[in-house]
Every structure is written in C-alpha cells, then in structure tokens.
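Which chain is which? They are A, B, C and D, in the order written, and residues in each are numbered from 1.
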Amino acid sequence: MRGTEMCRIAAYVGPSIPLENIIVRPRHSLLEQSQHATQAKLAVNGDGFGIAWYDQCEAPGLYRDVLPAWADGNLTSLCRMVRSRLFIAHVRASTVGETSRQNCHPFSHGRWSFCHNGQIPHFAAIERKLEADLPDHLYTARCGSTDSEMIFLTLLANGLDNDPTYAMAATLAKIGSGPDPVKITCTFSDGETLYGFRYASRGSAPTLYMSGTLDNGGKSFASEPLDGSTWEAVPVNKIVKLDVRQAA
Amino acid sequence: MRGTEMCRIAAYVGPSIPLENIIVRPRHSLLEQSQHATQAKLAVNGDGFGIAWYDQCEAPGLYRDVLPAWADGNLTSLCRMVRSRLFIAHVRASTVGETSRQNCHPFSHGRWSFCHNGQIPHFAAIERKLEADLPDHLYTARCGSTDSEMIFLTLLANGLDNDPTYAMAATLAKIGSGPDPVKITCTFSDGETLYGFRYASRGSAPTLYMSGTLDNGGKSFASEPLDGSTWEAVPVNKIVKLDVRQAA
Amino acid sequence: MRGTEMCRIAAYVGPSIPLENIIVRPRHSLLEQSQHATQAKLAVNGDGFGIAWYDQCEAPGLYRDVLPAWADGNLTSLCRMVRSRLFIAHVRASTVGETSRQNCHPFSHGRWSFCHNGQIPHFAAIERKLEADLPDHLYTARCGSTDSEMIFLTLLANGLDNDPTYAMAATLAKIGSGPDPVKITCTFSDGETLYGFRYASRGSAPTLYMSGTLDNGGKSFASEPLDGSTWEAVPVNKIVKLDVRQAA
Amino acid sequence: MRGTEMCRIAAYVGPSIPLENIIVRPRHSLLEQSQHATQAKLAVNGDGFGIAWYDQCEAPGLYRDVLPAWADGNLTSLCRMVRSRLFIAHVRASTVGETSRQNCHPFSHGRWSFCHNGQIPHFAAIERKLEADLPDHLYTARCGSTDSEMIFLTLLANGLDNDPTYAMAATLAKIGSGPDPVKITCTFSDGETLYGFRYASRGSAPTLYMSGTLDNGGKSFASEPLDGSTWEAVPVNKIVKLDVRQAA
C-alpha cells in the first residue's frame, strides 16, 4: 500500500543567488517548513529532500537524499556555496513505505526538472496503463515507484517540450478520476521558465504561493510564504509562468 | 551548538516475545510515538533510532540507524523476526546537527545497554572534565559526541556493575547543575534486570511509565503508555528495577 | 546504462545456527569474499548486501543495505545474534549506477526469497515485454530496476510454487538470448528447501559450490568455498535441492 | 581496534574548473582510483569520500558521505555543476570499523581544509595526550575518532595559521614514534595556497605526485598521476606549496 504524500516545495528564478537564500535563511524557509509546516496535514516533512538547480549546462544539477533535510550537513554546506539563477527544492513526507533516493523529488530528464505535492489515490489502478503508454525512452527513464515521477514522465510523453498547457491537460485527462480526489500541485522548469500549477479533481488543491518581486528582483513559488513579503495564491487549473528574462 | 534532545523510549523484560509486540503493534507503539508523540515538546522523533536486545550471549545485539524509524524497512522486518526476553528501544529527536549512528541510542558496553531522554544543558562546560575522569578503557569506548553517551560511560566508571544506585548518585553529583535544569530519564540493563530512572535538577523530569503486568506477564517501561492497560509513572530520583525472574 | 553485476552468494540449510557461522566466521566467509573474492572478475563486492532468513513465520526476515557489508556494524551484530535454520546472503558488485536498498538482493515475495549472480546483457531490449507479462500482483511487487528482480518475478509468474524446474525452463525460454551470453547463477528458497542453479547461454556459468556436510550436519551453497571442507561445483543447467529434512 | 587506512587524494588550484575535471574525467581520475588504485596496498577505496572546495566565502564547502564514491549519484552531479579555483578530494579505505561522515576526509575548520593518507599505528597510546593538549575551541571541534582529524587539529593548535612548516614539525614531534612507522601524506589549504606533504618515520612515505602545469595552467596534487601529463613525486619531509597566484 502506498500512503499519503504531503510535501513542501520552494522554487526560484531571478538573479543568481546562493540556494540558502530560499532554502535556509528566510524566517519560514523550506528547511523550517520541513519541521514546522503550518498549511499541511503533516507538520513534518522528514522523508527525504532534493534540489534541482540550473547553471551553465542545459541539464540541471540534482542533489537528493533520504535523510530529513534538517539532519543533512551536506545540504547546509551546498546551500551556502552553490549559486543559481533557477532552482527547485522539495522536502518530502510519506506516511508509508521505505524511502529511497529514486523516489525523492525533484525528478529530472534532459533539461527538465519537476517536483510534486499531492497524490493520485487510484494510482494502483492506472499505473500499468500509464506506464504502458510511455515511449521507450521515457519507460527506461523511470527509476522509482511514485505517482509523482509517473506524472512527470507522462507530461513529457504528452509534449511538455512544446506546449506545457496542452501536456498538462492531456496528462490530467489520462489520469482521470477515482473514488478519492486527485490532487496535483507542482513546479517544474526547462531551465528558462519556472512553471507552477495547482489542481484538485474535487475539493481544494494543495497550497502554492508566488512572490512577484523578492527584494533582489527574483520570483518564487512556495508551498507556504517564505517571509513577510507579498505572496499570493497561485490560481487553480492554470499554469503560471515565472520567467528569468522578466525577472532580470 | 548542540540542540535539544527529546526522545522516546520503550523497554521490555519478560517471556521472550517478538520485538514488534512493543515497538510496532501496540496502539501507541514506539513507532507510533516516533511520528505522533503526545507528551513531548516535539511530536516527531525522526533523527535515528536503535534497539538493544538480549539473547544467549552476554553482550546485547545492537541495531541503530540514522533514518526515521518509520522509514526503515529493515526495522519492520527485524521487529517481526527477532524475539527477546529483554530489550530497549529508542527513537531520537535532535533539533540541531548531523545525525550519525554513533550518536543513536541505545549505547552498549560489555553486557550493559543504555538509552536516555533528556539533556545536560551545560554539557559543553563539563565535557572535558567528564571525559578526563574516564578510565582508559571507557575513554576508548566513546564513539560519538553526545551527553547521553557520556552519562552512560560515567555511570560505568562509577561502578554501575556493582551498585547502580550509587553509580547514579555519583554521576549526578559529577554532572552538577548549570543555569538550565539537567534532565535525565533513562532505561538501562545488564541483560538480567531492566532499570528505569527519572530526574530533573529543577522542574519536571521527562516522563517514564511502567506497566507492572502486560498480558503475557512481562513488564515494560515507556515514555508514553503503549496501550490501554495500566501504566503508572516511574517515581523521580529513584531507580526502579524490573526483573525477568519476577516476570517469568 | 546498466553495468556488469558480479556478486557473491552464501546460503545455508540445517540445524539452527547463528548467521555469523556462514557469513562472518569461516576463513573465506561471505564477508571476506566481499573484499577479497578470488573467483570473480571483481575482487570487491561493496555495492550493498542483504540477508533473507527463515524462522517461525512463513515469510522470511529481510535485511538489506547499500553500504559495503564490511562497513556495517549492524550486520556484524545481527549475524552474531540471529539464528536460523535456513538463510541466504548476498554481497553485491555493480560497476555502474546508484545503489538502492530496492536493488539489493535477496528479493522476497511471500514465502520465497531469491538472490542472483550474473546478468542478462540484453535486458534493456526485453524488460518491457517481461514486465508486461507479469500478472498484476507481481507487477505491483516490483520495487527496483534490476534484471535480477525481474528473473525472480518471472519465475514466480511461471509457477515457482508448483514446479521450480518447469518455472526455470520457462523463464530461460522467455529471456532467450542476445549478442552477449546470459549468465544466471542463483539460490532461492521457499523456507523448506534451498535451491541452487547455474546457467550460461554460452561460455561458463558463474561459480557456485555446495558442501554436502558441514561439521554440524548442515548444507551450504557458496560462490566460493567458505572453508577447507569438501565443496563440489554445482552442475550446470540443473536445479540442485538442499533440504532441511535430510540435513536435520 | 582501528585498522589500516589507505586512501587516495586529489587536489587542484588554478583557474576555476568543474570539479569533474579532476575527480571524474581524467583517465586515472580519483573516481577511477577509488576502484582501481595501482600504487596502494588496497586497490579499492570504498569507505566514504569527501570534497572541500573554495569559492567566495572564506570557509570551504564540504560534501562527505559514507557510500563508495562510485555509487553516489549526487557526487557525479555535483562534480559536473560545481566549479572551483581550489579544492581537495579524498576517497577512503578503512579495513576495520563502521564508516561515518564524521570520519570522512576532508576535515575543515574555519578557512582550513585537510585530508590525509597514512596512519599513526600507536595512536591508541597517544590519543588522550594529543586531545588533552588541544585548546578548548579545537577540542570542541573534534567530531570523529580518527588519527587523521587529530593530526589536523594538532596542526591548528601548533600554529598552522602562521607557519605551516613549524606547525608540521611540532606536530610530528608530538606524535613521536612507536613500534610501527608513522606515515603521513596529506594535502591541506587555507583557501589561497594548496599544501602537500609526505612523511614516514621509517620506510617509504605514501605516494603523492604534483603536476606543475595542467593544460589550463592549473596545478594539482594526486596520490597517483591522473593522466599522461608530467607528474613528479612530492619530495619527503618538505611542505610543497602550490599557489593560485602563480597559477593564475
């Protein structure tokens, strides 16, 4: 049986900054949210974490581990040293089952990175069909067993490269609905644009906020506002784009 | 800087049972307390765990890891398979610093095992003195950096083998007091008797309960009652002994 | 890309013994083979390890981790404390890719356990077909990404429960052959009988030896003889059974 | 009992490059040496690894883990993404005992980083004395249990900040000699200069080579030459300095 996943996300695009400016330093940083989330069913997100960040290469760097984020000395050091103009970070809460790096977000494929907060409650009923519909190169790319990674691969199969809005609609159609509501709040990027999306087939979608202008001109998505600046809720059922060119 | 440690403990002595009967199966088992503690400052104890159990050898078996207990598939399997007449288990919450197996409880030395919930807030001021007073064979036995392991080694240095009550008094005297209250709730064993102890230099000691008669005739200590049977608070400042011979 | 896997196996059936009598204590124990294998392409098998052992329950206990076996203090402790009448142990060498517990052997399903040394070089070409042919309950049981786990699940799908010899023949037929030779040396068990098998579609099969009579009346399989007693090579293309009833 | 440590080191100073140019890409890179060292007693260095690298801050970044370097996907990603003008990397081989991040090299303190290949065979006899002679702030900084970390802290206590040559002589004098030869080959840095040193109280010192001019104008130390360019042995008993200003 797979359990509920309720995670926390933070993402940034703008002038290059140390990762810690989003992940560690804000009053309600992602690291703080890993222990004291206030807008989630579970206050603690201790089942692994991950970061995808972009620099000169097309493919993002990826750092994921199964420890609670707050217990990883490497993470603190990396967040202090590594600077990036676009990155996505994630802390995971999973109530059932063994944690593995392969199941930690973000996932990456080529230039894309993706992380997710939510769940497909009827995933067991549709997993084989979703997997069977993947083209070979995406079937081979699957490393873990989560619904989250499958959403990402299905987005890619549905043309994420060309039209994210269409890809998302086609993916949601393929996922369909089950007895319990599908909930998908996610952020993803191709290294140029940062995308945010909130969706629930019924009821409320998991939270996602955006900050139009951080004090350095950058923009952010976060499951919960990181600090006292202005944050507004991402609208549901609509892909929101934050762009490095506008932000610069 | 070292942070607050607030952990949860469960221990058993009696007829041989699978470890899961204490650690996994009760309604408010230690595994449940690792995610939903109700009598601790922190509800989540996700910074490692450990078990010491006795069988035919004098020295206990020791299994410790840095993952949250609930995320370790090995732990579930071991608790189902391994039976023991006397064992101590611990889940750890540490608000600061990197987790390592060496800092996970229980600690063991020879036939003794020990685990602790509490803290010595002025530990930094007395660590060198405590360490310097250890005999060579206990100095060498120190593997980690916690105040908990040092309490254990100091108990051994003060004659735990011969007189636990004296050893505890001498250890508390050596620890002394500081600006913030010393709090020590611990369970320990030599493989024959299970000891429980609660102490605070000021204010209330961390909780520890005992169950005189489980349904199989066994006896238990636990930071929080494991189930609906009768549990009473361990009195403060007095070593309580639970014995396998009485229990059998 | 998936790399070569060359692993070492040891298994035992007979009077209940501490696991360390096979895994740790022999002169050329499995632990020794993890660092100094002499009959393998790679002398070092440091990419995780695992043990499956049987006791009173039908399902085996399972302990697997990604560290080198020689660096895991828990393993030493478990091998000293846990006794079993039938167990399988494995140390893994993988030249490419990230190690995860899900990819460590043995694999288990219900009462069965399985570990493997060898490879299907054309696995990428047949993985989708093999997976598609699994019934739902075995598709769902797949946790990792190795050819080894797929061989095990395909054996189960082909009736391992009823007729191991037929299941193996059907599985080999389904795997077929590719440009490079398929090599499968494996041990597996249902908790009553210990099975050993060696196969190569061309060239020599990976080594597997059996010891008819250990000094306690038990029997063993091992990739390399564990000690100076009499060991003979397991014949190729023929399932060899070691039985606890004969051994007792 | 502590076992032999035989490790491999690589370090670089010069124009900023991706870490992978030293750690991953060369024909006989540090990663290659972690599996196939040719000038060490042990060909495999699988007991953890670490990197210290310098960028804009005074203190280096530190990334260490207990897995074999070749099995860590995070390491590959970091080495591709992170660029540095000065870094030290280390892969560890330890024949006895549990691996922990705290015992992985490099160690760092303030702006200094340090890694070591060799051993003090009589360390058990002098550990208490060495530790007792540390000033409080360095006593507190000790996180692990290795002779290597103690050498580093003793160097700092002996004035590494002001005079590395004096600090090394004073440290060697304090270590003295025992029945088996002391062997210390190390590289260390304050973020400006890269230091290399080889020493044996008797017999030959562990290897260390330097490359005066890599093809980008940078300079390197390595336990074994990384590629086909010109490498010369670091002389014994003499601190060799490679400097970023000369290299730039």
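Please note the rule applied: a contact is a pair of C-beta atoms (placed from the backbone, for glycine too) under 8 Å apart; a residue touches a chain by one contact, two chains touch by 3 or more.
Every value quoted in this text rests on a predicted model; they were computed, and no experiment measured them.
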{"item": "Intersection of the contact lists for chain A and chain D", "value": "B, C"}
{"item": "Listed chain pair A-C, C-D or A-D that repeats interface A-B [over half of contact pairs the same by residue number]", "value": "C-D"}
{"item": "Centroid spacing, where centroids are CA-atom means, of chain B and chain C in whole angstrom", "value": "37"}
{"item": "Chain C and chain D: spacing of chain centres that average the CA atoms, whole Å", "value": "38"}
{"item": "Where chain B touches two or more other chains, by residue", "value": "73, 98, 101"}
{"item": "Of all residues in chain A, those that touch chain C in their complex", "value": "98, 100-102, 124, 127-128, 132, 136, 139-140, 143, 145"}
{"item": "Residue numbers on chain B that touch chain A, as the complex places them", "value": "35, 43-44, 46-47, 66-68, 70-73, 94-95, 97-99"}
{"item": "Contacting residues of chain B [partner chain C, same complex]", "value": "53, 55, 57, 61-65, 73-74, 77-78, 80-82, 101"}
